[in-house]
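First, the structure itself, so that you have it in front of you.
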Amino acid sequence: MQLGMIGLGRMGGNIVRRLTQRGHQCVVFDQNKSAIEALAGRGITGSAGLEDLVHRLEKPRAVWVMLPSGEITENAVTQLGDMLEAGDTIIDGGNSFYKDDVRRAKALKVKGIHYVDCGTSGGVWGLERGYCLMIGGDKEPVDALDPIFSDLAPGRGDIPQTAGREGRDPRVERGYVHCGPSGAGRFVKMVHNGIEYGLMQAYAEGFEILQEGAGAEVPEERRYTLDLPDIAEVWRRGSVIGSWLLDLTAMAFAEDPKLAGYTGFVDDSGEGRWTIMAAIEEAVPANVLSAALYARFRSREKDSLADKLLSAMRHEFGGHVEPKAGA
Amino acid sequence: MQLGMIGLGRMGGNIVRRLTQRGHQCVVFDQNKSAIEALAGRGITGSAGLEDLVHRLEKPRAVWVMLPSGEITENAVTQLGDMLEAGDTIIDGGNSFYKDDVRRAKALKVKGIHYVDCGTSGGVWGLERGYCLMIGGDKEPVDALDPIFSDLAPGRGDIPQTAGREGRDPRVERGYVHCGPSGAGRFVKMVHNGIEYGLMQAYAEGFEILQEGAGAEVPEERRYTLDLPDIAEVWRRGSVIGSWLLDLTAMAFAEDPKLAGYTGFVDDSGEGRWTIMAAIEEAVPANVLSAALYARFRSREKDSLADKLLSAMRHEFGGHVEPKAGA
Amino acid sequence: MQLGMIGLGRMGGNIVRRLTQRGHQCVVFDQNKSAIEALAGRGITGSAGLEDLVHRLEKPRAVWVMLPSGEITENAVTQLGDMLEAGDTIIDGGNSFYKDDVRRAKALKVKGIHYVDCGTSGGVWGLERGYCLMIGGDKEPVDALDPIFSDLAPGRGDIPQTAGREGRDPRVERGYVHCGPSGAGRFVKMVHNGIEYGLMQAYAEGFEILQEGAGAEVPEERRYTLDLPDIAEVWRRGSVIGSWLLDLTAMAFAEDPKLAGYTGFVDDSGEGRWTIMAAIEEAVPANVLSAALYARFRSREKDSLADKLLSAMRHEFGGHVEPKAGA
Amino acid sequence: MQLGMIGLGRMGGNIVRRLTQRGHQCVVFDQNKSAIEALAGRGITGSAGLEDLVHRLEKPRAVWVMLPSGEITENAVTQLGDMLEAGDTIIDGGNSFYKDDVRRAKALKVKGIHYVDCGTSGGVWGLERGYCLMIGGDKEPVDALDPIFSDLAPGRGDIPQTAGREGRDPRVERGYVHCGPSGAGRFVKMVHNGIEYGLMQAYAEGFEILQEGAGAEVPEERRYTLDLPDIAEVWRRGSVIGSWLLDLTAMAFAEDPKLAGYTGFVDDSGEGRWTIMAAIEEAVPANVLSAALYARFRSREKDSLADKLLSAMRHEFGGHVEPKAGA
């Protein structure tokens, strides 16, 4: 079927590629003209702007927005809301806040425009592996978009079936799910990313404990200098902690055994934060997911006030003078 | 080759099965005679006790101990140390404390007996999938046992190769690794389990946040009743958080969508605790792994003193009277 | 000076008592008539409702709202905003959300009505000890209310002066501070409560570790049965961890050495949650304050989904069957 | 009475001063001769070494060891054990590990020598304020040393009495307590320090949240530039979170409002670590105390492997390239 795509970054560009490889037509736009040019190919039509993109689509139109979350996405959805007509559908496939989805869907519904939130996981690998899609919105537009979702998702592939799922929604086993009303898809994607932070931090702490097993604080007779690339690799094979993130860890270690090319500065995006806020709103204890988020905050700090205050108290009560770091 | 096996529980029994299916001979013993009888089959010889088992093995002997960690394992190793001779090897494949491995290896070395620690991951699935093996000890006995390790490990299977590993130790890609001197294998297995706790808790918190998204504290317009079995399943397919533990989660949800058959009482074994102790010894911040361990401790408490003291302070300063739980 | 007081609960009633003991006049209202009657005394005038209260005050009026945070406070402020006139002042002394203060102050400013947020700490002890006041709003109304703030605050008392504060705002040493524009006072009070949770939890964990030092898991030669009431008391005297919360802990233990009268069910109010949300907005790692909040959430859960999922995974990979709690 | 003192650092020196000001006689030794000379005064006798110190004491002797924990203390206790006689007493007042106390007491008991562990809190302020003493050991030597303990402790002072303690051990209200058998005093002191870490970190996080309330991530209308020295001061007066550590915080801020003189490098000593190990041994969830310890570990790290691994995974799955810190 035909789809408009706004935003041709790492995610949007590959979604267009995957769809057109499977016979769909895409009308595309990006602020950056070279991104449009880079995509030229069978089934892909560039456009000069949102208005032009909308005009090039047949009714009822479907426009996928794949932009950085926040103002940029908000503006695109607002503008599309003014250009589209009853029966058309906007899909936001980015990392918006689910409360914004609820609000937008309500505002667009007044005009008869459908709004679908689609949490999209898979990263730069999605072109090849397919994307795991977590969808929220009304049944009608979600069903109408099934050809798109079905081709973006990985399909059954060679992932073993789970016993006991006979008779359940078959879309799920092909890698996409209609989670519920507006915001539900993004809510699920948000928690997915919250879990992702937790998993990543669990591996990160574990590998650091392995590395520091060679540290001078450890008595010599059990001071181990371990080959982290080998350990990451072996755990992929038959261990309880095998995962896709571990596959990536093994790749990273194979390329750069000391990870010397990486800084210790780790960014975070909204979903990790919103997951904690949802946990707090629901009164769910989320120590692991919070600690994973805070580790990223901490990675970006230098000489924090909190640490200075600890040193100051230690000085006041005990006369302790802290050594300078690295001294 | 020939191997003695002491302990025929879920792990030891399956290891014997896997080995004998691949042409090895095992002389076995378990306190529980029916466990020995249940194993009878080609390549398997029962024995009447440790002494008998030792006598039935050809020199140089190799005896694998697969018993609950702690005193039971300790006693078995001590007794074997008295029965075996220079050139023989004891393999402890259980969940011993790595510092005990260091001590035992040292004591046995005096008699010329080799001691190999082998962290064994794979659970009840290992018979079929193979076991991920993390091995510590001297090169000589580890190399001599290669036929055993190689057949216990999963082999390459259909797990994709990691780019950049050309020319590296090929055993690793078949699922076993010689980590270093005595204790090193078990140290790696210990951290493996520490990570396992962290991964499990990350999923656990995430699914609880999803479930409580339907809670009364959430405003109605974004109160989502989500299908957790479907979400567990869809995340296995193309998402960033796919893993073997998630496969198991999807199985558990497919069998029992509310997990109604499980109590909220979660056990822990030594490795999770020792991982934190190692982190503390090394001064590695391990907030996620600790929180995962504490969640298990907390699951087993009822009306803890800590909580009562909070209520008591609240009463003293604010006159607050807490409602009774469930009231 | 004259002050209107709306809300005569534990906090509002005592504030009126403290003020009238010091020569101020209060016009008071509470939904609960008996609360008004209970307060009758020199300098205190009851009223029949907000309208009546407003009419009984001389201009420019000052009305203090001391109600449960949320809708009740919001409604009272809204109604007062309709009844009061330019030059009058509303003080919200409760536990509102600081973002609500910003919004309300802005809306009232249009009408020339001042809005002052006053974070009020001291609990049921404030009548006698005085209240620590954290104030936000414009300079003009804050200065005009100085007689009130000054008499509510504890004054210098016998708390030792801090060296190096010569020449600084003397109000601070009398126990009240003008923190900044609207919301600033409440923001400071919110963080105060966030810290309070952290301090309480630190003591709570510590006393539980002391208590469990007598547990069966501890080897007999260092299994200590400690007298917690004595330990709480002795720490008040010369130790580094002396505090008012510890004084209260010692009281609670002296009254009820096993805290048997307290459930393990601990409530939380908004400030602890908002503190974490502020930390997340600011990207400040707040592991301790979060863990303190989560401990309260956890205290109210029973058989959480998170814990069940851990048991389910353990069953799937290891065949583990958890014992029933208490079994 | 007469006391030998070994170790004249910040703690040992002040203990001698406090005791001799109150009429006791001390025979002292320190490796550093100038420390001995600096102490010369009424009631104080220097000595040339342990042997000399022992000879200068009347039987039954009491020798207080106040040295850095670990080998130095261990050696001193061992040497004293060889020099002293049945009926003499060694007091270790430092920060030893309580399991070492149990071991030492047992070994010395064979010779009839008493061993008393005395957790000593109060820091550089103890000379003036007195020391809070947590004592472990047999009743006989603890009672014999009562004149010493009584004069080291703060006494009742002006700290209000706790209702309900009538008829209980009066020593406790004078600031010292006999906790139980060997190790019990130090165990209590260890947990005291664990709590201390938690309290400190709660304040530290709170003040950082206050400071970052002025950060650029916060919307302008509620971006507060707060006066942290004033807030620390005001909280000392009538608030729920008043404490001695807060008094010290107010001092530190009064001296150096930005804490510019402190690095963000925070040391830790054994007690914080051992507290967590005890919690783990007892299966007590200790999220706050652990997080406080880890914050110190983290303050000393730079570009940790854990953080690098997070960046590496982010790069592998999402193509994310982290900015350099400070760039």
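By written order: A, B, C and D. Residues from 1 in each chain.
Just so we're on the same page, a contact is a pair of C-beta atoms (placed from the backbone, for glycine too) under 8 Å apart; a residue touches a chain by one contact, two chains touch by 3 or more.
Being a predicted model, the structure only gives us computed values, none of them experimental.
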item: Higher-contact pair (C-beta pairs counted), B-D versus B-C; value: B-C
item: Chain copies touching (chain C, chain D) - same or different residues, decided at half shared; value: same
item: Distance-maximising chain from chain B - centres being C-alpha averages; value: C
item: Chain B and chain C: spacing of chain centres that average the CA atoms, whole Å; value: 46
item: For chain C paired with chain D, centre-to-centre distance based on mean C-alpha positions, whole Å; value: 31
item: Chain B and chain D: spacing of chain centres that average the CA atoms, whole Å; value: 38
item: Two or more partner chains touched - positions in chain B; value: 123, 201, 203, 205, 208, 240, 244-245, 251, 281, 283-287, 291, 294-295, 298, 300, 306, 317
item: Contact footprint of chain C on chain B as seen in their complex; value: 10, 123-125, 200-201, 203-205, 207-208, 211, 244-245, 248-249, 251-253, 256, 259, 262-267, 287, 291, 295-296, 298-300, 302-320, 322-326
item: Residue numbers on chain B that touch chain A, as the complex places them; value: 98-99, 102, 106, 121-123, 126, 129-134, 153-154, 157-160, 162-165, 168-169, 172-177, 179-181, 183-184, 187-188, 191-199, 201-203, 205-206, 208-210, 212-213, 215, 217-218, 221-222, 224-227, 229-231, 233-247, 250-251, 254-255, 275, 278-279, 281-289, 291-292, 294-295
item: Chain A contact footprint on chain C (complex, rising order); value: 240, 268, 273, 276-277, 280, 283-287, 290-291, 293-295, 297-298, 300-301, 306, 317
